[in-house]
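Read from first to last, the chains carry the letters A, B and C; within each, the first residue is number 1.
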Amino acid sequence: MSELNQQMIEQYRTRFLQEVEANVEEGEWVKMCMQCGVCSGSCPLGKHWAHPPQEIFMMIRAGKREEVLTSDSMWMCTSCYNCIVRCPRGLPITHIMHGLATYAKRLGLAPKNQPTAKFAQLFWDNLVKKGRVNELKLGLSLYFMNGFGEGIKVAMKQQAIGLGMLRTKRMNPMEVVGGHAVKDLDGFHKMIRKAQELEDARIKQNAG
Amino acid sequence: MADDKKFGGYICTGCGIGERLDTDQLEQIALREGKMNLCRQHPMLCSAEGVQMIQDDIDNEGVNHVMIAACSRRAKVEAFNFPRVALSRANLREGVIWSRPDTEENRETTQEKADDYVRMGCAEVRFMEIPEPSGEQELNKHILVVGGGVTGMQAALEVAEAGYNATIVEKAAQLGGHMAQVYRRVPTRSPYVDPQDTQVADLVSRVMSNERITVYTNARVAQSSGAPGRFSVEIARESGETLNGSFGAIIQASGFKPYDANNLPEFAYGKTPDVVTNLELERLAREADGGPIKRPSDGKEVQAVAFVQCAGQRSDKEGHLPYCSGFCCTTSIKQAMYFKQQNPGCDTTVLFTDLRTPGAPGEDFYRAAQRKEVTFSKGEVSEVVSADGELRVKFKDLILNEDTEMTCDLVVLATGQVPNTGPDPYAAPLEAEDEEEEGGETAGEEATPQVSVSVESILNLDYRQGTDLPHLRHGFVDSHFICFPYETRRTGIYAAGPCRRPMDSAQARDDAAGAAMKAIQATVHAAWGQAVHPRAGDLSFPRFRKEGCTQCKRCTVECPFGAINEDEERYPQFNEARCRRCGTCMGACPVRVISFANYSIDTVGQQIKAVDVPDEYSEKPRILVLACENDAYPALDMAAMAGEEISPWSRVVPVRCLGSVSLSWITDSLNSGYDGVVLMGCRKDDDYQCHFVRGSAMAHERLSKVGDTLQQLNLETERVAVYEVAITDTKRAPQLINDMAKTVDEIGMSPFKF
Amino acid sequence: MAKREYSFYPGCSSQKGASSSNYLRSVKAMCEELDIQLNDIPDWNCCSASIGYAGGGELPRLALSARNIALSEQHNAGQEIVATCAACWLATRETSERLEEDESLFAEANQALAEAGLKLKNETPIKHMCEVLVEDIGYDEIGEKVKKPLEGIRIAGYVGCQTNRPFGIHGESYENPMYLDKLVDTLGAESIPAYEKKVQCCGGALAFSEPEKSQEMIKGIIEAAYDNGADMIVTPCPVCQMNVEVYQDQINETYGTKFKMPVVYYSTLMTVAFGRSAKDAALDGQVIPAKQLEAIANR
């Protein structure tokens, strides 16, 4: 059977939906969408989504695995929770969008150079290191996220903000060295590692 | 005037009437001009004491005609209920003081209005007779149910439980109808999660074992005649045997015919056996009986199925049904569960444009299917192609806005219900359609837009106006969609189930209960000689002066309920138990020979005459308002309660229906110096609100020619206005009257004042 | 002994030298006046806010907040957890509810916590400071403490997203919550209940990664405050405060506007109204100074 035919057979079949249910945070809710579109109309960044949540849910049900997981759309979520409180079916849409983004990234399908994807990773790495977020280091790495030259440009643009924060003591240059941290850093790291292991095992089991 | 009439006038001074009006003057008017034999005032006439005062006069003074000048005739009806007495009401509260401002400069015109209403009340009651029951019907506790499907069986059981007898006539060999072919039904009790037993077998056994119910299968109604309380019906059996029965009322539960999917070649119906209708899938499910459902072409177990919603429905295309059948979304949800129940891995996709799941269980049942991973996709199917042992469903995904397709083993078309009704008595004959439009001589019935599909009669009525229940649209039986859903246009014959509107079996059972209750009520009212809705309890019925009748047949043609037949001498035969007492016949009669005991050309005509019409130079015009008692009159009452002002020049006369308005009332009023006439009836089109279905439409038709009369009188045509008024028009209704006052102001007073 | 005691989760942004350190300073002064004692959760960690999702999966993220709750249950037993940061409160409460609903996740979270020698009972209510003010203390008691009413100041109550959704304050509407307005009125200032952008998103963490898109929304928030005649904006959320305050120059550059709208915390307003100094109210922490508040505080 040709690849095209195979693809056609997968259309409007539930295989991808089941994959989402098993591996995506709150994914078991996707099937409950009733296609009213209130989520799409409620999203503050809605116009920037190539596929607003209503479409994402339909695409999952239509079996469009590649298109969904490589989409830039879920990364537009600002976590404002407007869709959640308005959904007449009570779908945890914000969480599903986060979950899809995470799953796409895990599979290496998330779009390259997606700024929010990168920032989210920087944020996570930053917090895991010391157990608490180091805003200065996070900011610096954010500026240089797209390479050194670009970083200098961004940094220059943000200089006035930085100065304002410094003046009001809401930014501390000494954070570059050391900074805040949890005391039981070892236990903290062990806990994160264990949680990661358990989650990996669960997804691996689902795949098998 | 007969000598045995004794008139009592009663004036209430409560609710501010006494403060606003000179009631002593009203009393003098009632006695001197209104010719009341006695007249009394009371500070609160509707109190037990006030009512007793009237009752004492009835008992001791021989008063049998009562004029009450108090509140609107729609208020305090329980208090002012005197059986075997003719009663009129002068509306001083809503009609006068509440709709006029309480200021010094208005005092004179307000008093004049009250004076006139007392004159009118007296004139009305003087020309009233006391209605007596005709005695034509007896109590016949036997109901005929035509159709032995779920609706008919449920109706018969309801009738039997109420202590009446029921006879079911079913044309097929078995009871059960279409539901007997259905595998499982949509659940009717919580939790709304899984399809349930149809309970048809249970219904059949309950019907068969009930001693009050007689069942004739392989049978049909060969002929029916008579009226509520005395329907005479001939039942023909396949064996050739004929039975005769007498019934108090009839319930038509003739159900539906499945839509013919051969009209849907684009969905490959008829080209491959793997495209089936929803009803045909029920058969496949019954055959599988809990095992895997197999596709008809090669017996392969179905691994993927697509449901095409609205197949041949909600579409203007030729051969399609223009309406939504209402049950099919929920049915497809149920049927998708057939597949999921047996094989959770089976891909089931419901392709819909608008998913509608009416009824309490609908939404829960929909969610239950979603939990079972039935996929619902908003898509418009354009084509189904059968190729290489599989079906390709081509559709436009309306969410993703793209043309796409899917493959599956089986396609189910969610097709709809076509009503199984007899021929519409008012369907325009195809060939004569053009003439009908041109001529209009018969002042006749409406031309229904769609010619009925069914031709075989179901009831075989011997009525002057045709053999079966009239239709409204698409072949469904006409019934008042807001107020009286079970009442058809043939009194004592009630439609229930899908012949009335598309519905599922749960709704049909509710419908059957409703129709059964109405049928019982109709037999009881017929036995008492009383009308059913909307004039329930009314004992009056149409009478005619035979010597004056010209046999023009207008009454027999225009009666909205086909109540009037013709006797051997071709005179009208009124069949009072079939009559709803609207008076459309009275309004139709050109020689004014038809009347009711308490409602006649005179009871209204004399009110019009009783009004004091001041001379041309007084600058006090008079506007006659004929307002339908069902909607327009209460709208004016409510307007008064809300403090809306109504022109001081208006004199409002309630009429039973605009259809009862005699043109003579209008010409007489204009001849006697009225300056304007306003007529208010109910909405009259396909979404009519007329309580007598066609009364308002008839009136509008007749009044379309009133302009000629006005021109003959050399009067401006603006002096007569006809409106459709709803009960909610509490601002608009007064405005329409006030507009006429303004018009009169502009065009000047009538030259016909004496 | 203080009248009320809570187990306090300050959060990363409130730390010394961090972006909302001024928030914490004014909260502390406010609590002193209200006789509230805040006992820090010892060795608390970051909640990962709403942006950590792409780096950590579901369970690692839940483990973060589970650790905080477990620490609170161990060291501040019996005390309700209070957070001042919207993201901290949301993440902690969300974790608590998710682990309550899902037994297997709860078991896995405890497996991870065991690595750090901790155990989660998950029996502790998690509150936002605004809930403490509105539900535990009440407007009347707050009103009684007002020494310097904030007369003549028109303040737009900007509730934002995460203090309002999906949990919000009990009894308030998601579309038009009124508690900030009531609080503003209680303090003697003039509220703007019809302020149409009170629950508009400011972009949250996307202010960093998608600055143009976020600043377009922030512009709308400030513009509507000006249109309603506001002198300043008040908010309960550190991200809202920062996003709406610090980008005004950039927005002015992009859109040619002349924004200079102070954005303060409710705790700033309360500390000033309670008669404390400008320093206690952390007014020196305003990038755009709130001069009307300074005037009252220095009076």
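Here is the rule we use: a residue touches a chain if its C-beta (ideal position, glycine included) is under 8 Å from a C-beta of that chain, and two chains touch if they have at least 3 such contacts.
Source: prediction; values computed, not measured.
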Can you tell me, using the touch rule above, whether these chains form a line, ring, star, complete graph or other shape?
line
The chain pair joined by the most C-beta contacts is A-C
Chain centre separation (chain B, chain C; CA means) in Å:
62
Roughly how many whole angstrom separate the Cα centroids of chain A and chain C?
23
Interfacial residue positions of chain B with respect to chain A in the complex
304, 306, 347, 349, 355, 366-367, 370-371, 373, 375-378, 397, 399-400, 404-407
State the interface residues of chain A toward chain C in the complex, per the touch definition above.
25, 44-45, 48, 76, 78-82, 84-86, 94, 98-99, 101-102, 105-106, 110, 115-125, 127-128, 131-133, 135, 139, 142, 157, 160-161, 164-165, 167-172, 174-175, 180, 182-184, 187-188, 190-196, 198-199
Any idea which chain A residues touch chain B in the complex?
8-9, 11-14, 17-18, 31-32, 34-35, 54-55, 58-59, 61-62, 89
Residue numbers of chain C touching chain A in their complex, please.
12-13, 15-22, 43-46, 48-60, 62-64, 67, 108-109, 111-118, 161-162, 165-166, 174, 199-201, 203-206, 208-210, 213-214, 217, 246-247, 249-250, 284-287
